[in-house]
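Scrolling down, you'll hit the structures one after another.
Here chain A shows up in two complexes: once beside chain B, once beside chain C.
Let's turn to the complex of A and B:
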């Protein structure tokens, strides 16, 4: 049977597969299968094993990532559509760690709620699988496949609380918006493919003198693709789904969406603009400028008015997306003598570094939110009053995290934010300097609501007078501890993330 | 010993407080006395190390960076752990490590609500690290980290232990300062990228950047970049019109917070001008000098008028801070050595005097439970020692010759007669006249304060209340401050001698024109 099929496809030769390079994905696939079997074969009361299996799988997948990193040369497969380089490895590591921490976050919530445990971990694993593929995708098609692979489980996860109306809304909204964004993006991709005749990013990028890239229709294609990912990273004006979805989804899923799923969107954007569209930086710069300014400003201003802690962090994550996009307003500029891309490396590593730091801190934030909400049973910020008096450790960690997000030294966020500023100012363009000032103003606005949380925790009275200490389950405590240690260590020795981010570059396109 | 100090002195004086804080974190909250002892021991240890530094400092070469340590920190952007002390930073470090132990002693039995000495003292020690770190850092990024580090403990001190309006005041304090810092970071980066590269790398080293002095920069760029620094430091000083956070913060902060805020925190801003903005961007400084001068005299007059309008003793002292920092900024605006020497002297003198005023205000509040001036009166009758100390400190504050305050104000005014070459002489002489009028107003509001609070007879409300005079901790905390005010008043050369060389050195780019 197979032989006849192969015989028909006469010219087909099996592409060389580098198994080592695919090992992280293979480990994840195996874990997915095991998880599925565990769910089928175990009784209801021991479904929790799925959580352990998923967690171990994530960690196991980290092993080949490390061996590949130690091996230290980039591997390319399928004609350059799938590349495992330092950039991909750093981000695969990030996704796996984020996935692992998400599982720790989920264990208690999912076990205690009336949720289908086995399927839950299955979907998380599938989404992480899509993300690890995304980090390596250097081709329009593989990017699209990776995106769908990570998005579809995420749609289901968002609607996990199926018996509540907000849960349904969350899933539905996310799904419809996501599908719409995919359609827009696909249309853009088809335009680009139609014009350049290739889906490979390197080939699209290398058509320097190709007349198509200078045509208006190419610009339409580029903008459509970027708009599609704009939805994914919840950039304003494509952010409407985020707050409702974040609020309606189970909190661990919110953490996952606001961190890992979003980072996957940034990864795709970075690969697209740096490899594929570098020639049209002149179009993308102003587009990104407007997008970033809108995103951070609108996100911040609306966040100021939130009274629900999860919604507040939803808007905060919208605003953070603006910060992350900001350096793209200067990318491709600041070319030094001889056309050396002086600032591109800085832009890339600033964004990667920021996502690394942002992921860790935000997961810490959500760990605290989940721990505290278990006790309070409400998302109202007012209920957090006086947290410091009965849960000093949680309150202090939370303060550390929000100061980190606000970029106040010595918590870890400051250096990442500084690198963003550095990339923006280092472009030596007026757009860049203006962006620097806008970012400065926005940092202060964001501090206003971050501080309001701190103020509630430290300076208000306990609303209901109940000051029995909070019992934090071990997995949540572990996430808080990991994020705290990370925050302090990286805050004092920012080199660690800096080096990682600096090495996380790929061969940029457009051969200048 | 000297070798040890050379290699480790600056680092020790910065990080010892953190070690103390870490030790305290390990001790349970209920061991209050132990916490106080650890905090006191730590701050005294820092003081001892500081004395060691001062004893081994080479005063004949005050322009030279001494106790220099240069280690890699963030190699990827060539930011280094670069700390050193010269004649400009030494007096301010001395002020900081001198004030903190006194505040700890004062706190002994005076912990404001909600008590919790552990958290309060830990924050105080973190604050000390931030303050001293700011004065020793010679790398712009390191400086920035310490500069920001100061915000957090102060925010919590005001917000948790403060008065009625503490939440509003702490938020305002934080946001104002953060806004300035955010713009400052843009300027820091601009300086970094505009500076010439050495071995293919830009530098954050303040020493190297001062040496470069903005050579080859377009004037417009220099002016804009200086503007970012101006926002960062000017808000901290605070300069009119960014001063509005100060009265709120001072009034709402607990006594200890007010003292540290007045004594040291405000100086971070003026120090920034002297250490960073002017030496690195002399061209920008010259363009900004008239603006700074105008704002400085506005501070002087506006602060004084503000004082006259206050009904709350602490708020009055806060406004007097605005006025006094105006003199400091006027001295800086002249861009000539005499003025900047005076400014540094003014910083130290203001730190001691206004710190002392806040101590007394705190004790008055402690005893009368109010600071409303019209409800007070007759302090000299009820608590004569405190009353006399208030009188003494007011005299020092209004610039009575022979006390420390005089040497900060008078030379600054005098320097405005003859500003640096290239500045508008007529304009600065006008400033001089206005600033001189300001001293009359200062005498007015301080004497009026003294009259209403200390003289006369106690109001009916407090007539029959027993008001205890100074406690033992008050003596221990205040006597050194008083001695400091006297000594500096009699022998101002103690500071001028230290700063002069370094100031001349830092101004050579301006003097050269």
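Let's turn to the complex of A and C:
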């Protein structure tokens, strides 16, 4: 037995490993280990060092991302299973920044509550590690591993308040939905592997296996895989877990799940759809059309009648997922810039750009929610009345973020939303035009509840008459400030996001 | 052709697993149903791998076995936390938040 294994191993040559390309992941891994050691070796009262270590590690991992971006050529490893190109780098940067802001959001909440501190930051780091791997995965196996790497810590984080009933419920619902979704996704992947004989996305998408992609079983495989990721991005009808999990989890974790974890799902969908399944755009377009229309409409309509601020933003994030999926209803159709068949480039850059903007604004929203909830002690929107009179800065920032989510022109979300519309209509198909109309109607519905928050903050009276100013801890104030500066800068200079999103496109669309 | 039998077995297991996830109320049995789905995937992958000679299917199956163990570890921990607070593992009882 051993002899046969050794005989096989004799022909083994070590694949070339590009250490520079793996540097962000290596820095994260080292940080995870240090974080674990800090937790083991320090006394209970100095566990806060774990949060500093995690934050520094997150920022340190950004350095190799920047040097790789400056280096400006895409690197491919393990036969194309792991690719570090501009698309991957833009999203790695996004995940690391989102992870850093999440740590800032968590510092006070986690230190003040009766929570285990060291493990918390360990799990956040592990989840961010999974996300950075996801941005580079171009193979079914590495996509699966990245998905589990980011999901398993997220299940534990969702159920972090383990002594409360709502905390248990949040963890259980997220876990069951997530595991079931990844099982369904795996079944789809096994069918696709069976038909193509490969797990590499480029080979699945290549013309050699063109014949298989026309078989009905390929459609079953593709739909199962996309349904699996539909759960991850909380697309309707797979969204049931989202509001309960968001309400029951600690609020910083909710911010993390609604932003980073969701974006990782979109990244996987983009890689699968644009590299692996491009030949069956005819199947994916109507599927995504139905999914996006349902997600937007159901999310917005239910959000209208929410009275809890966290639940409201849970449904708002469901609706935003619909907007992000919308351009996939037209990909691979029509003529794009430069007469290239398909407007894939525009679809991709619109989705990436909107994701960047949405991440920053939503983290800002949750920073304000956490700051205000520390004082109010309730999630009821009515309690937010008159926020303007005693916390003018927070109220103004919240209004700015909410305008951004709604897509009102001076705020930062406007340009990104405009790109989504132009990608959807630019397909010149009836599916695209219908989608444009649905998106316009939904933008108006979403303004109704976004503006009602603003009205409560600025017009209503303070419910209990207590107008002592809110004391905002430094880390939370930093997140609000970063998100506000980002919102203003991108609102004035939308080309920044456009440039990042465009550079992400060519790396991916070049193969087709 | 021998492949069909394996695929039919996997499809049957997949359906049993999905039925179990939807119909069962006991948390532990739902976890077992998910394991059944994952094993149907493994059968599929190994059968396809043997047919096409592509080794990556078997590697994929090994990864799934390892990850499934990690998933179940987390799942049992969550079920245990629920049992401590609710004194039951009936998932229908775990439904406080609505709306």
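The rule is simple: the second predicted complex is superposed on the first by the 488 of 512 C-alpha atoms of A that agree within 3 Å, B and C clash if a C-alpha of one lies under 4 Å from a C-alpha of the other, contacts with A are read in each partner's own complex, and residues count from 1 in each chain.
Keep in mind that, in the parts below, a contact is a pair of C-beta atoms (placed from the backbone, for glycine too) under 8 Å apart; a residue touches a chain by one contact, two chains touch by 3 or more.
Just so it is clear, the model here is predicted, and its values are computed rather than measured.
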| item | value |
| --- | --- |
| Fit or clash between chain C and chain B when superposed on chain A | fit |
| Partner chain(s) touched by A:78 [first = chain B, second = chain C, both, neither] | neither |
| Partner chain in contact with A:141 - chain B first, chain C second, else both or neither | second |
| First (chain B), second (chain C), both or neither touched by A:198 | second |
| Chain B versus chain C as contact partner of A:156, first or second or both or neither | second |
| Superposition-derived angle with apex at the Cα centre of chain A and sides reaching chain B and chain C, degrees in steps of 10 | 140 |
| Chain B versus chain C as contact partner of A:165, first or second or both or neither | second |
| Which of chain B and chain C A:418 touches, first, second, both or neither | first |
| Smallest separation in angstrom, by C-alpha atoms, between chain B and chain C in the superposition | 24 |
| Residues of chain A that lie at the interface with chain B and also at the interface with chain C | none |
| Sites on chain A touched by chain B in the complex | 403, 406, 408-410, 414-415, 418-419, 421-422, 425-426, 428, 433, 436-437, 439-441, 443-444, 447-448, 451-452, 454-455, 458-459, 494-495, 498-499, 502 |
| Residues of chain C defined as touching chain A within the complex | 7, 10, 14, 17-18, 21, 27, 30, 34, 37-38, 40-41, 44-45, 47-49, 51-54, 56-57, 59-60, 63-64, 67, 70-71, 74-75, 77-79, 81-82, 85-86, 91, 94-97, 99 |
| Complex interface listing, chain B residues touching chain A | 73-77, 141, 144-145, 148-149, 151-152, 155-156, 159-160, 166-167, 170-171, 174-175, 178-179, 182-183, 185-186, 189-190, 192-193 |
| Chain A - residues contacting chain C, complex | 140-141, 144-145, 148, 152, 155-156, 159, 162-166, 168-169, 171-173, 175-176, 179-180, 183-184, 186-187, 189-191, 193-194, 197-199, 243-244, 247-248, 306, 308, 311 |
